[in-house]
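Next up is a structure, given as structure tokens.
Letters are used for the chains, namely A, B, C, D, E and F, taken in the order the chains are written, and counting of residues starts over at 1 for each.
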Amino acid sequence: MAEYLTLFIGAVLINNFVLTKFLGLCIFFGISKNLSASIGMGMAVTSVMTMSSILAWIVYFFVLQPFGLTFLTTIVFVVLTASFVQLLELVIKKQAPALYNMWGIYLLLIATNCIVLAVPILNVENSYSFLKSIVFAIGSGIGFALALILMASLREKLVYADVPKPLQGIGIAFILAGMLSLAFLGFSGML
Amino acid sequence: MNTSLMIIIVLVGVGAFFGMVLAMANKKFAMEVNPLIEEVEDILPKGQCGACGYAGCAKYAEAVVEDESVPPNLCVPGKDAVARKVAELTGKKAEATEPRYAFLRCRGTKTAAFYAAEYEGIFDCAAAKLVQGGPKGCKFGCIGFGNCVKACPFGALSMGEDGLPIVDRAACTGCGKCVQTCPQSILALKSFDAPVEVACSSHDKGAVARKLCKNACIGCGMCMRNCPHGAIKLEKNLAVVDSTICREKCTEAVCLAKCPTKAIGALVDAKSIRKTA
Amino acid sequence: MSEEVMKKPETAQDPVFTISSSPHIRDGESIDHIMWQVNLALLPAAVFAVYWFGIPALINMLVGIIFAIASEYVWQRAMGQPITAFDGSACITGLLLAMSMSPLLPPYMVAVGSALAIVVAKQSMGGLGFNIFNPAHIGRAALMVSWPIAMTTWSAMGDASGGVDAVTSATPLNILKLQGYDALVNTFGGQGEMYQALLLGTRNGSLGETSTLLLLLGGGYLIWKGYVNWVVPAVMLLTVAVLTWIFGPAGLFTGDPLFHVMAGGLILGAFFMATDMVTIPMTIKGQIIFAAGAGAITVLIRLVGGYPEGVCYSLLLMNAVTPLIDRLVKPRIFGAGEGK
Amino acid sequence: MFRNFLGGIHPKDGKELAKAQPIEAMPLPSEVVIPMSQHIGAPCTPTVKVGDMVKRGQVIGTSEAFMHADIHASLSGKVTKIDVFPHSGRISCQAVVIESDGQDAWLEGLPLHRDWEKMEKEEILDAIRSAGIVGMGGATFPAHIKLKPSKSVDVLIINGAECEPYLTADYRLMLEEPQRIVTGTRILARILGVKETYIGIEDNKPDAIAALETACEGTGIQVAPLKTKYPQGAEKMLIYAISGREVPCGGLPMDVGAVVQNAGTVAAIADAVVEGLPLTERVTTVSGDAVKHPKNLRIRIGTRYRDVIDYCGGFGEQPDKLLAGGPMMGFAQFSLDVPVMKGSSGILGLTKNITAHGRERACIRCGRCVKACPMGLVPSMLSILGERQAYARARDDYGVMNCIECGSCTFVCPAKRNIVQYIRLTKGELRAEMAREKAKAAKEQGAKK
Amino acid sequence: MKELWQIFSKGILEENPIFILALSLCPALAVTTTVVNGLTMGLTVTFVITSNNVVVSIVRHWVNPKVRVPVYITSIATIVTVAQLVLQAYFPLLYKAMGIYLALVVVFAIILARAEVFASKNGVVKSFCDGFGMGCGFTAAMLVISVIREVIGSGTILGMPIFGESYSPMLMMILPPGAFILIGYLVAGTKTWIAKREKARLEEEKGAVS
Amino acid sequence: MVQAEKKENSVFHIAFNLVAACFISGLVIGAVYYVTAPVAAEKAEQMKQESMRELVADADAFRPVAGREGWFEAQKGGAVIAYIVPSETKGYGGTIKMLVAVTAEGRVIDFSILEHNETPGLGDNAQKPAFRDQFKGKEASHMKVVKDPSDRENIQAMTGATISSRAVTLGVRQAAEAVASFKGGE
């Protein structure tokens, strides 16, 4: 139990993917202009990552590894994730329109994104067990959502600030992310 | 060799899976964004000024592509060139858009206008208007805090040394954003091919108007009486030029010489009318 | 076009009045006044630091202040903004930054920290009022990651008055973290002596954080003048006290809350940094949440984190949450909802 | 004893300047300028022509609109001009100029002597209406409309708080003529049929409290001493302080069964009902550190500020601001030619010593404004949103429409932000937008038909 | 020729993938702690983006528009895998230093974006120029970032000390916060630079007209 | 009907398009793999040998130890002179993986860190000789981290990185102990 908790908290706070591992930055900077979008995106990323991790884990340990095809991981996972996301979008749009409006609209955006691919890869690289992969994926997703939401709230506040012109937009977003990651350093060494 | 075979099997398998998913997706919902919309949007000037009556360039692009009845020449800033291109892309017929530019109907410069009070507060025309109509004695004229300058999406306006905004006609697209913004409603869109225009908005009686601003139209009617074509009328102590008549008939602007305050001016270029002040 | 401005019509002798929106009177407070008062409140602790740690402390504080003000001035000059470098807020930043670091830190590092604090954390966000993070803490955290060794090297107390020779090259929290509570008490030669040292400031640590008494004096002055709401430091200290008491070293309810409250930078942080209005929520309710959160994270870092002290990071983390708090916690509008 | 609303401020009250000055009737001016708009609602149209001779109390302006109050000549004489003149609240407005004939004759038949207790309710209301009485506490809401509430009302509150600094007109009135106020209050209590009646007075005016307590003996009217704090006199705060009821957002006092009327207003009502006298004069404080001899004056409506200031000895020091009303909510004037109106509670001349403040800077989020706001708003955000033209957000997320423009926030702001002005701007833009939308909707409706 | 040059050069400044388009940010931060790593990543991406652009522009006529994106992804993934295999075999140390980010090249938005926006509509030569330009812009950005980070953060360049013993490196620069902050200012700098150039160009045009 | 057929057609087309793409990709990757795989394997093996030789310079061969996953014995002239043992501990920033060379007597020869996530300039100084050399010849019993510069018996912590020092020391000690118990058990 403690093991899972460590893994989870580690993924959420201490080794936050965005702030210390530099993954998923494109969405992180792209979506964080708006708080409600970032909440939706956070949910989307978490769910997609969890499900694609499960899928990828199965494919890896039942197909790729037994046949010595581990070098195909990249291509197989990326195609898998992309098609899975498409499928998911389709299903949700049809079956749960409410859910779709909440975060379905962000699905296509994340089909090809670092973090969604990285987590399944890290899972198999670290040979996490099935359960651990799931915990890790959820933790990473929540960590990502946390950073995204915080960032969005900061950026929304900065909309009303006198940020110097050249820094406006992406520049100040980077600096904010830098300071956020400074703050998150407080969690380092905790586990 | 075995591995190589497996590579192909696995990849083809994945490809087939992917293909099936996509095929299904396609079957279930074959919604496609019309790529034309993007192309049209590319052509639009991206001022996001809303002069077309839509909430931004993208919305207009969508409307003009998808709705038969939306004419291609609604983008005022784009002028003819854009209208032609949009028409071409959408297969609609372009009608010429008449180029128009912003024109300031006030010459109450810092030195010409009488300042009744000092103003303290927000540097904003609308906000200053709330405080007893602003610091100038004339309550019809330009307040001079440049809301129009801030509003112009094309950078065509600048605040002059004399405290009045200057229109750069090369940059002005006639979008009308400034006209909507000005709390005094003293900016107007003019086609500038009429020879004269009245650069004052004061409805004060002559004596009062004269006291409050040296350059005010005092409603004396000299221009009206001297216009051979009857293009000028007086409305509430203010001369108003009917530019249609003026444009069509006027050969020599006699009115100009008659105006005692030079509130009526030649429209040759943006600056000259100010210079006569 | 004549240059002469027109005279009043009718009544040339009337005065020219000023028009403006109501209200037409204001109270005497101004940003500059508030900021310099805070500097004043910090003065006793700063003076004590010079007495206790010697000239290096003085140099570091001066370097901090000068570089903070200078960076602000240069930035504003370069950006063509009105110069507000001398309004006292940059001075606070520089002073607090120096006060929250070891007296042994090379002055050039203090200078870098000051410049980073002002340029990155403050002016890049738009200057006073717009910064999201506490500039002094950003400066400190940046130095912490940049030169961790220098930042965690503590003096053997110079030649200042005796009684603390035992406490060399480790701060109380450091000893607690690495050697445990008993070792801590032993270094001071007894619990009573320990409390006394913590209260008076005759101990090792960052140069401005040691004297609990003088910091309380300054903090109390700010509370009395109304620049600081007493709730914020109170809630923060209380949270730390309660949590450290509960999660003691020898099981539940065995902690030493008194030590934890007076050790490290907590007092300085609670009175002078958790109260930096720019970076904390605006409503009282929000501030209570902020202070409690900061206290809790401080304890978390002190007890299980990688650092002996967590005030700086806990405040930065809560700064990051502040916009969310401000969005969610708003005062109840008079006449809204139920309420009779 | 009474509730204390949250927020509020304690400005230096400056009342010592005029506090001790007994009410003095100002001599007749040679000419009065009577604006046709002295109330909330539709402006009146003149019913006289240039050259007409009028008597004091004669109707000179009226309107078809429901929301209006008639306007009467405030002295007898000749109408010399009907034109646009400066106005202390709305820049300029049509006004009737009457040149005094020195007689100061009342319209025939005035004053009457009626026993109000025998009058019918309708009769009383009619008397109030035809006297052209409006709220004299500043809002200038026509009294006869307020006194016919569409909801049942059980508490009447007379507003004698006079929380604005410098102003002492209501105070002097309460001190010197408590009887008029009590009579007016009893009239109102009767026509409204309320159970409880209070006169709320800030506790920094103990002598006024004492005077009214004596006058109220046996009438069932209670004098309620209130905590001295600005804006104690604001309707919503007053109702809360006295009855503990909160007027809901966007609501009116009658929504919580209360009616509030200013002390001066009830005195005028007493005159109107008992003696049939229209509202032609009012008590106004002339004060401020720039005014040589601060006074409390009974002034004819339409008297120019110039005449009033001259009567008070002119300006002793260079004034920076000329205010109509108090320093917290009054309007700055740029001309001494504006006339005294029914709602003019004060005329202040203030020097730079008092009005000067530093340059406006960015909000430092100190939260002082939040603490000061009696309405529970977040003024700092309102000012920022106004500055960045995020008007809709100011309304939807921060309830800007609830602001009563009391100025407390601006008063305390160390960054010297013009918060109230931003709020006014925001409200103005929002109202304009609403009007635009309404017009658009109406047009669409029309098009459909 | 001039057109090709323009296609090539816009990727370097006006549409710099990192500083202006803000795409493919992850590697820009993750692997730029040393110049060698940054350069390797830059070259790898240049290789992938250029070859992919070429492949796409060749096959664009055979690809059903409905599966454009999946086919392009497959193509990219193939090229990346090839790069991985080659690096692993011949430069195992670099391969290790790139870590997971090498695999992630697959999903760099810039690559897919160029395929979608440019290569699918243009011929081989132009697509090559476009891809190569973007790649160079990317590499240049990586180089700038990694040089600054390595020099300040480690006191070395290409692993060689340059300040001597007494320099105590500012570790922040090679840690995440420093990377973020540095790129923030670099973005601002690039923007200012472009704006200045634009302004100068306008002035010139104006001068030419009058 | 006609439309439906068209759709069918396009669905097939889509799937085929993709399968073809994957097929080609498979061919390409297969070809490259065919060429690089042996090189990669050889390189990997070579690197492993080299890294072990760095630890135990005078060995002439390394053989896997039966029954112990990942262990190697370093042989010189057929005799076992040292064991090379993998070890794993938790450092400041996560897992630290290392290889430790221990003599048959349980004395540490050297170690190398394979994978770590410690802070550059701090924790990662553990790889530098200043820290590493302290372990040479030490037994498990002398591997305690101290901060007292006069204590030459034990391991001096790196400045500012006590946690990493402890982690690395623990890893090395565990390896040494493991070798001791392995020998003892034999």
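The rule is simple: a residue touches a chain if its C-beta (ideal position, glycine included) is under 8 Å from a C-beta of that chain, and two chains touch if they have at least 3 such contacts.
Since we're looking at a predicted model, the values are computed, not measured.
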> In this assembly, which chains make contact with chain B and also with chain F?
Replying inline: A, C, E
> Can you list every chain in contact with both chain C and chain F?
Replying inline: A, B, E
> Which chain's centre, taken as the mean of its Cα atoms, is farthest from the centre of chain F?
Replying inline: D
> Among the chains, which is located farthest from chain A on the basis of C-alpha centroids?
Replying inline: D
> Among the chain pairs here, which one is joined by the most contacts?
Replying inline: C-D
>> What's the distance between the Cα centroids of chain B and chain C, rounded to whole Å?
In response: 51
> How far is the middle of chain E from the middle of chain F, if each middle is the mean of its Cα atoms, in Å?
Replying inline: 32
> Hey, how far is the Cα centre of chain A from the one of chain C, in Å?
Replying inline: 35
> Just how far, in Å, is the C-alpha centre of chain E from the one of chain D?
Replying inline: 68
> Touching two or more other chains, which residues of chain B qualify?
Replying inline: 3, 7, 10-11, 14-15, 18-19, 22, 26, 116-117, 121-122, 127, 130-132, 135
> What positions in chain D touch 2 or more of the other chains?
Replying inline: 331-335, 362, 387, 418, 421, 424
> Which chain A residues touch at least two other chains?
Replying inline: 71-72, 75, 79, 82-83, 162, 164, 167, 172, 175, 178-179, 182, 185, 188-189
> Touching pairs of chains, which are they?
Replying inline: A-B, A-C, A-D, A-E, A-F, B-C, B-D, B-E, B-F, C-D, C-E, C-F, E-F
>> Going by the contact rule set out above, which residues of chain B touch chain D in the complex?
In response: 116-117, 121-122, 124, 126-127, 130-133, 135, 139
> If you look only at chain C, which of its residues touch chain D in the complex?
Replying inline: 10-11, 14-27, 29-31, 33-34, 82, 84, 126-130, 277-278, 280, 282-284, 287, 330-336, 339-340
> So in the complex, which bits of chain E are touching chain C?
Replying inline: 168, 170-173, 175, 177-178, 181, 184
> In their shared complex, at which residues does chain B touch chain E?
Replying inline: 15, 18-19, 22, 26
> Within the complex, which stretch of chain F touches chain C?
Replying inline: 92, 119, 121-122, 159-160, 162-163
